[in-house]
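For reference, the structures are reproduced in the following blocks.
Note that chain A is present in both complexes that follow, paired respectively with chain B and with chain C.
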Partner chain A sequence: MNKQLAAVVLFAAAALAQDPRQIVEEVQKRTRSQSQRYEGTLRVIDGRNRISEKRWRYERLGSFGDSKAVLRFTAPAEVKGVALLIHNHKERSSDQWMWTPALQRDRRIALQDRSTRFFGTDFSFEDLEERDASQYSFKLLGEETVNGAACWKIESRPVSTKTSQYTHSTLWIRKDIYVYVRIEGFKGSSLVRRIEYSGHEKVKNIWTARLLTVFDAGRNSRTELKLDRLEYDVTDLKQEDFTLQALRRG
Partner chain B sequence: MVASRTAFLWMALAAESLRGQSFSQRGFLELRGAFYPQTAPGDSGRAVGEALLRWEPSLQLSPSWKLNAAFDARTDTHRQVERIWRADFQDRRRQRPAFSLRRASALWHKGPLTVEAGKQFIRWGKADILNPTDRFAPRDYLSVTDSDFLAVTGARITVEHGAETLDLVVTPRLTPSRAPLLNQRWVLIPETLRALGVEDAGSRFPGRAQYGVRWNRNANGYEYSFVFYDGFHHLPLIEGELGARVRLRRYHPRLRLYGGDAAVPTRLATLKGEAAWFTSSDRTADEYVLYVIQAERTWKEWVFAGGYAGEAVTSRRNPVAFAADRGFARAFVARAAYTIDPRRSFAVEAAVRQNGEGTWTRAEYSHQLSGHLRATASFTLIRGEPNDFLGQYRRNSHGMIALRYNF
Partner chain C sequence: MRLLFLLTVPYVRKHKLRSLLTLSGIVIGVAVFVGMHSANQTVAGAFQQTVDRIAGKAQLQVTAGEGGFPEEALEKVQSLREVRAAAPVIEAVLNTGLPGQGNLLVLGVDMTGDRSLRDYDLEGKDDEVVDDPLVFLAQPDSLIVSKQFADRNGLERGRRIRLDTMEGPKDFTIRGIMKTEGMASAYGGNVAVMDIYAAQLVFGRGRMFDRIDIGVAEGVTVDECREKVAAVLGGGYEVDAPATRGRHFDSVARGLSTSINLTSLFALLIGVFIIYNSFSIAITQRRAEIGILRAMGASQRQVLGLFLAESGVAGVAGSCLGVIAGAGFARAVTPRLSYLVTEVYGMQQLVEKPLMTPAMVAASIAIGVLASLAGGLLPARNAARVDPVKALQKGRNQVFGEGENRIRRLVALVMLAAAGAALAFGESNTVFYTGYMTGILSLVLLSPAMALWLARALRPLLKRLLPVEGALAADSLIQAPRRTSATVSALMLSLALAIGFGGIAASIYTSVTRWMDQVLNPDLFVTPTESITARQYRFPASLGPRLAAVPGVAEVQAVRNSRVPVNGTPAMLIAVDLARVARRVRVIAIDGDAAGIVRQASEGKGVYISDSLSRIRGIARGDIVTISTPRGPLRMPVLGRVVDYSDQQGSMFIDHRVYLKHWGDDTVNIYRVYVAKGHDPGAVRREILTRFQDQRKLIVLTNAALRRFILDLTGQWFGMTYLQLAVAVLVAILGIVNTLTVSITDRRRELGVLQAVGALRAQIRRTIWMEAVAIGLIGLILGAVMGSVTLFYNLAMVRRDVAGLVLDYQYPFAMAAWLLPVIVLAAFLASIWPAEAAVRASLVESLEYE
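Let's look at the complex of A and B:
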């Protein structure tokens, strides 16, 4: 009897797992945390293999659909203090503002400008906002092995209320631990950007990629983002740290 | 024995209070050379060299308290910088100080309330071309087309509630914009006056405080604000006194300003507008409206901004003035910037007076040579008629090279 029940549960789980939306929602569920903080080291490697380094500190409060994040450059000296405030929303694209200390001004990043590269990295402004499952439709394309790990290959398309530079994206999600290993963003049939997630580690029971590699197909350049001093459920973050005034306070 | 115990106790307390504090700093050393192909009537110099060391430390004393400071040490070859060994805090002197406390403020915040007191930078407005509502932002105009902001001394209280922000500012003393020096190329004195002999009689500063209020709303996808200011204009009017020589004195007229700004992203571009009505109880000061309408768009590695800065005089009293803000009005203004790669960028900006009597164009190339070092080269072309604010500087077209070491 127990064997039969287990078989039914496994069958049901397998059937559910074939629903691409449920797979993506499971990824979100497993990475959900009330807050996050890390120090990122970025290496921007251009098409001619010239390397420039930057560092930022990232803090997030809240989780998918209702989170706020601040990303502040800490090095090099030239960009130190430049910050980006992101307010993510469940039903629409995020609001973003950039603070430039040399000008003492904040500037709203308009939706049509989100495809621009973020401060000399290969991330676009859009790549820095959260990808909430509710803002996309999904289609299971099949299964593939990426770096030795079995993955689901899923196509996502933004819903009408979501403004995106990508007409569609392809997601590769590891079957064993439900994490992204690769995302490719397309405009029509052309690849715009590829993000590879690697070095997964379990931090506070959340599988997290410690290295992100973003490849900009148009410029043939890539940016590696290494996550150091990563923490989840940080207790000292408050709502007031995620406002325009907080950007100004530095 | 008691004294040593007390000292030990103080040291222990100090060490305890320093725990959790974070100190950060940044700064740069910049060497700059400007080269003028033409001499000017009041200035035969063709090359100006400048050196500036800026250090900006900040100390986070606790989650609520932060101290910010900035120190400048500078010198030049053209006497735009004083040759006096003293530190300046007030920014009221004709020349740039050799040593100055550029910023010194204490910032406290709790919940939605932020209070900053001391010498600080306050920037209002949303437009990029010209900011009529930016009333607490005097500038150093010793080189008119390469101006830099000066801080004001006062208190700023900001209350943030959801999408709305209320900003209250009080500055007990006016920080004036630094006007060009009489004996240099950015002041054009008519030949008849020059023959009589002209001397700078200094400034007459007002004694009263300045007040400003700004209410801003960041709505879903767009934002707008309203501004009220009561105080004095940081740009001077000029009065003359005829004696053995003509003595020119700067003074700052009363100013009451009502203004607002808005930014609305559309599918094609972000539209920005800013306007302010400048009124004055001073009988020698004009009353006028300054406004800016601009569109801004980012496309791939390009950033474009362009628009029109307008002026409507509501009461003309014909003062002699150094009105740099109005000088860039009644003009079409545009800027295009291109990021070549993470290390290199190029930008062109231009202002063309609507009557065609004055144009200003600057092209700038910037190259990051290493993690700390950046070189910038630019050329500014000024053309026009002598009776136009921009056109009068037509002999001041110049090239500039700057080398900056950031730390």
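Let's look at the complex of A and C:
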């Protein structure tokens, strides 16, 4: 019986392995949580090895396809209070607004501007959106080993309703724990950006990369985002904390 | 060609000064033409260049007049599939307050998306050079400046610079430096970039944008995109290519172009007369030579060709020199013109050096050569017709034949009648301007006859002053009218031009002063800048009640004026509380009942327009005008026409409530402040300044100061014209020198005989001086008469084409009186050298002459 069960599981795993969508959906399923909070340390290292550091606090409510997030800078003093509100949608690209307390003004980040760099980092505004599997088509390209871990190599292309700067992306997903270890975004045949995920740890039973490193192919710089004080399923977050009014309140 | 070398070259060598004077006619005519057109094109080009460089890769621009439009329009544009990028912009000019640096063009942009349209090309090719993009956005004092501006002022990243803002002088931090290419090279490199939302605060724009720059999506044509954007925004917006703003410059500054074209034309015409004069004289002197040539078998055609070739060569040489002189003239005039265009039309540009395109050089040389050929044609034809036998007869060559005189007078009278008919029946511009030119030409044709009559009339007067010298001087003019006629004509034209423009200036001064007396009656005017024509700075509406609360203030009236598209072309819209203003100001209606017009307009039932706008645009009372507003096209009936000189291109009055409703803009350009009875306006002014000057930039002008500003601006406008006139008069004076030189050469024997029989040198001198002064006086009298005609036409031109203003005919007697000593003195100065040459000539040689 046990042998039979093992055979079924192995067969199922093999079948799953052949369907890239199911692999990505499995990643989503395993990382799903009702909310998230972390304190991020952002280090931008430019071509001349000059380092600028900022800190932000990130809070998310909801999960893939229906989440809202607020990212609020906490340091240094000149940028403290600047915030980004993101409303992710299942059927289309997210809405984003930026709040600048010194001006007491919010501004909408237009869809057309999502490919621009996120305030001098190597992230683009689009990279801050969640990548819901329903907005992409997938193709399995093969298997590769990344940093000693066996990975699936999958190509994703945005569906017509999804506006993206990338014509396609290549995803590397660890076979053992179903997490991303690398994503490369392309425009045509040109690499635009690469994100490396490392330092995976299990937090509340969710494997999470504690360090994200972004390389912009057009520039000789990189950005590191380190996640501290990471929490999942935080109980004190409310829907009304993720509105423009809340953003303005600070 | 051989004849040219055989005959012309020795003549030129022998008469160097006269040849130089001939050239000077062309040189000055072409120089004025080149200088003024170069200056005009440079200013227009600088404006277009600023627009183009700042537009960057934008293929379309959305505007809704100077007032801007609410932010909401941006999302509508950005939502379109046909739009690749849409970036909001606020554009304003700040006074840097830095010595010698003048103004700084500040562009408010949203840096999150703007870089897809504009290449900021930051120093170091690295974003981090904007110390930190997030800090740039987070801190409202952030500024990026061009490298050129930074270098000139020793600025570097992190340094602070103090600029005037709506909230008073404020320190800004330089957080980035752009390379001096592309956008950063606009406006002479005096360019800075700041965050658009910070710019809204700094310039008091509320939640408005000036325009949206658009990049068209791939696979979509510009026209398709334009249609979609126009459809999504509605009719109140203009969606055009950036180049269209340059066309707006032409429509707004057309008064300037017309004025420049007219004076250039006159300068050329005066040049033609100088050439005509010189060639007539040359041909007269060379009659014997021409006679011999004809006797030796030269055909009429060869002689005609010889003299036309001479004038052509003189034209080429004079034009080339004229282009060089014109470049210098342009250098002097361009900054003044640039200032005027900024102040009068509110069109920001910064000129660096005058523009001189190959096309302009080629056109100027062609025009100079044509003018020279035109001036030389009649004398050349006369030369060709010289009878070899008569050519050797003396004394008859400077006299007009009776037949010639009769034909000339007849043609002149026919032309005069044609000009009269054109004036009476000609509605179209072609007929009007043809009539104008025909009228001027008829007077020019009549001028030799009139000069002769005047010389005869002056003879007794001159004789009474100095019996011998006066009679000799007058007789010289009477006996040789051909010698003096062209000079007199040139002088007449110059002075007519001067009087024509002087009359316009006087009429405008009178009309504007009368209008100011009736309309500009507040005691104080509170403005955000020193210049009342600058509309980029505005006050918030909240300032009004605070001003009203100042002790001694009886009433405060808010004025919002901006140039907005009316029937598709920009016009000045003035939004005020019409009913309140009418209680203090007497509205002068051209048609209809003023009280009724104001009442209906204040109820939002229509607009009223200045008479000038009505004439320029052909808008009549009862017509429906379409005004572009951010909330869609506003169709309003024109309730009536009033007298108003607020804007050179005419103005339209709308009630402030209607403006608020359709533009959603409550900012204010000027507050009109009435001081309560028994209070000193000076004390109230000081109190306002004390209360507010630390909070925001605020200028309080007294009534007298505002009037001075307006009259100064008007004066500067005419100052430009007077500069051209001075040049034209100079050309005419050169003509006098030319005429006198020839007169002396012609009369060498006569003057020699006079000296031989005992005439004193002083007497000869005085004869020449009196002849010169007589030419000047005749030119002045004819110029004064012709000036009365040109003034009439100029007034019609101002009414029809330049500004639509109906001005009273006001002959500038004071100016004419002032011209009398100027011309007499100039004529006297012009005669000094020829007189000295006459008295110093060898007596023996003089008697041997001929």
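Note that the second predicted complex is superposed on the first by the 247 of 250 C-alpha atoms of A that agree within 3 Å, B and C clash if a C-alpha of one lies under 4 Å from a C-alpha of the other, contacts with A are read in each partner's own complex, and residues count from 1 in each chain.
Definition applied: a contact is a pair of C-beta atoms (placed from the backbone, for glycine too) under 8 Å apart; a residue touches a chain by one contact, two chains touch by 3 or more.
Given the structure is predicted, the values throughout are model-derived calculations rather than measurements.
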Three-chain arrangement built on chain A, chain B and chain C clash or fit: clash
First, second, both or neither for A:M98, with chain B first and chain C second: second
Partner chain in contact with A:V82 - chain B first, chain C second, else both or neither: second
Contacts of A:F73 with chain B and chain C, given as first, second, both or neither: second
First (chain B), second (chain C), both or neither touched by A:N205: neither
First (chain B), second (chain C), both or neither touched by A:L244: first
Which superposed partner A:N49 touches (first chain B, second chain C, both, neither): neither
Partner chain in contact with A:R108 - chain B first, chain C second, else both or neither: both
Clashing chain B stretch [against chain C; choices 21-29, 57-65, 129-137 or 165-173]: 129-137
Contact residues common to both interfaces of chain A (with chain B and with chain C): 44, 46, 50, 52, 78, 81, 103, 105, 108, 110-113, 116-117, 120, 219
Contact set on chain B toward chain A in their complex: 24, 26-28, 58, 63, 66, 68, 107, 109, 111-112, 114, 121-123, 149, 158, 160, 165, 218, 220-221, 223, 263, 265, 267-270, 296-298, 300-301, 339, 341-343, 368, 371-372, 374, 406-407
Residues of chain C touching chain A in the complex: 74-75, 78, 83-86, 110, 112-113, 115-116, 126-128, 130, 132-135, 137-140, 195, 197-198, 201
In the complex with chain C, residue positions of chain A that touch it: 44, 46-47, 50, 52, 54, 73, 78-79, 81-82, 98, 100-103, 105, 107-113, 116-117, 119-120, 125, 219
Chain A residues touching chain B - in the complex, by the definition given at the top: 44, 46, 50, 52-53, 76-78, 80-81, 95, 103-105, 108, 110-113, 115-117, 120-121, 218-219, 221, 236, 240, 243-245, 248-250
